[in-house]
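Take a look at the structure below.
For reference, chains read A, B, C and D in written order, and residue numbers begin at 1 within each chain.
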């Protein structure tokens, strides 16, 4: 029996990058959180403390900021691909790279009925994400969003479920359904108009959430994934994770009041947590696209 | 010398209330975080452990939810006034009440080009707040907003400041100015169209932030307060608190790159923190309007 | 009517300072979060954008780190006094300074039965705090702690309270009492052995929480404050704030199980929130000691 | 091509359970955060909205609280095994269960030199965790800890690393090394004295961190894992994740001060992030032990 080094990774997490485009008086801004992670021939760094093949995480950070100038940010998927390919191609000891990017949205502040040239306000709902994996000879692009908080005040039921000796939940044909959606989708190839695809998927996730009469959050997730795949041949698989943010109708009868689903307490914990993958049965292999 | 009880308060914090209005198929929702705090004749509860005059915080919570049904939520300022007046008028031992409300914004999800009847998405920038103080014979209303994250990519400088032996900061005529604004304003009377006033103040804060060429965050705060007071005779005082969310231009010269204010690192801590009050010199007395 | 500038402050918040004492192989460390805030003759910075009298927050940050070397950290109350007195005495435009410090505790990691010379582990319960206010001709020292999480599994009741039309809470003679205590105490003079006083107060707060049979959280706070003042003539006033972290006994009767206060659900929100001051009736005036 | 349902799970996350043992006046408490997650024959719930085979997450929550009474909490690994085996054995549609538990430590408050019978204080460093996976015919137990914050004020260097065109980091033979450790270890079998093993592993992780002269965080992680495996034949694999919480020596030369590694700024973001697995080359297969 011997003790050996297993899978390992290292990188610089959460490089908070603001890129300003100021070629004209009408500026544009991009606000990113970029994390890098590398793997490869790094056993000596662990086992012998020898750093000769280790590119410091500080250098990775520098690369993120320098590339934002040299190459621009562009689409975050392309920015992540460019970073990942650089590390794999240009650093001998690196076999693979994972680049995660979050993008925070901003809109122009309106002044006198027109968006201002260089003043911006954070927008709200949802953070755009990407996770790109690059290995020698291949790359996978996963795009996504998170913290998209949505709620239906009706059009959701929960009934007909399995009952065991620990089941006390009453059935309901009308409840509030609320979640903070995380969705990620894997592209079949890296030849995509990323922004257009992102915007269309986001719209479809929202409209499917709204339009689906939900018999369970599971069903809503499936419908979301199915609609996205039907409309987007460039996407091979969708993964959805959704906490069920419970809203409990408050019992007002002690105060002589009826409560026909009008007054709710929004609970924090515990919460239901549902996750599901929806995919094509002929989807190209995922490789290490999803590896955390 | 004796040891005595000083100022004291108690209440129920962070009642998370969702109110659904479903009188027609086109629902409306209001999403609030309500905190109550009472003071009065409660020395015995402290000194002798005698609760005879203490309305439990659990009852205060029940009141919040029941009033949301009985009276509706309406404007959050009115909801807070109604709650505060109830506690002061109807509970003998209560001399004063402070009701704090946060309101989270939601917009309708768009489906086929139209806002959906009962599906909603959290909106982004800024949380609406109110803090209402009610005592026997009076009431103060403070409205506000917080977490309004704004940024200017130019139109901000910092120069001409005092230099001491610990000053190393270089002057700049062009920097990024970013903050997460908290603004609160005290009304001269409770006879106001709260929503209209709120919307107008928010718009003015944003447009002033955008339009002011800033020689310091202090100046921006002053201009915000001044513009609000000039346009809103119903407001007696504005208080503003703004962290200076530093964005540092990254030195790219080691990589042979110029950085003419295009690539920034968004820092977390430390941050500048600026607060200021702007008020009318003939403003009615603040009473306990601002008491935390 | 004119619009005027009211109270205003500015400073550098959350300077995260680690000070290592390495005069011998047996190192000591001090881990602080230091915030500065100044007020004085700063109207021009607001109203005219003129920074000539404004010491940059960047310089304040530099001062914090430089003083940690020049003067050492010592007691955090002394460190804050030194910083505050410097700003008031040495910067003409400054009339007053407020210095807030949080200290995070560390203990030595044990190796072979002995605390290691230079390896440390964060300790747990509670963060030590101080808030020092310096003006020309005076200073106030408030010491304290926060995030001290404590719980009693019995020895707490809640009964005999006022009942109104919104009261449904059943009385109990035995409940769990849990809180995350914040305590702050104002010294009558700055001539104190700060660490010794802090340690003794912390011990007394804990032992009083434990030993008091609690008829309400209010009573527990009073007893804490009273005991501290009786034992510590150097302290003029104690202020306590305590969220009532509700633990609800779970109803297990649907599953044929009794629950004699053995199984609880720890709830997040809402929570009771109790605050009280306990002071000497001949305490010296508080000045601006407590100003936020 | 068809669109199909891929891997999916559901459960109740973050059941906050306090269990009081009060068989004698000297109480014991256990404070847990329990999350359940189930998979199996649930396609109909997604694709057709049919809940007939779905045990509600509310029932899972009830089971957690009821089992805390029926079976007691005992070791958290056993509690998780009991819960997981119940769901797999007793609910036909369930093929597998993952139970995650966090345990928060408490110690007795000292009164008159003795730990109090029923008053407790949260302890500090580190949260104990377990993740148990149960499938028909097998079970895997992963134990661990997280949020164990440790720091070395010397005995750490970083030099000899790979330099590319984006490398500016100066080499150092003496730096501060700080991290918030997350460690998880997989047991070879479920026949272990869990508490004894946990305590010994925690001690070894700490002492190895302290005693290892670190040439990189990678090396420290390897040494931790290696030492644990050498001493604990019951453990098959250790996985470690450690953010490198950078402490930067502050340049005090502008103020005429040397800084021989005495004054540091503790930075927030970005941070290095290192993860590694250390395992036996003859370790039993991991099955789905690590699945998130």
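By our rule, a residue touches a chain if its C-beta (ideal position, glycine included) is under 8 Å from a C-beta of that chain, and two chains touch if they have at least 3 such contacts.
Nothing here was measured: the structure is a model prediction, and the numbers come from that model.
For chain pairs A-C and B-C, the one joined by more C-beta pairs in contact is B-C.
Taking the CA centroid of chain A as reference, the farthest chain centroid is that of C. Chain B and chain C, compared by their mean Cα positions, are separated by 24 Å. Chain C has its Cα centroid 38 Å from the Cα centroid of chain A.
Look at where the CA atoms of chain A average out and do the same for chain B: the two points lie 30 Å apart.
Counting partner chains per residue, chain D shows two or more touched chains at residues 15-16, 62, 66, 166, 168, 254-255, 268-269.
Contact residues on chain D toward chain A in their complex (touch as defined above): 1-16, 35, 37, 42, 45-63, 66, 90-91, 93, 158-164, 166-169, 214-216, 218-219, 221-222, 225-226, 229-230, 237, 239, 243-244, 269-282, 292. Interface residues of chain D facing chain B in the complex, by the touch rule stated above, are 165-166, 168, 254-255, 268-269. Chain C contributes residues 15-22, 27, 29, 31, 62, 65-66, 68-70, 105-106, 109-112, 116, 118-125, 148-155, 176, 203, 206-207, 209-211, 247, 250, 252, 254-255, 257, 259-268 to its touches with chain D in the complex.
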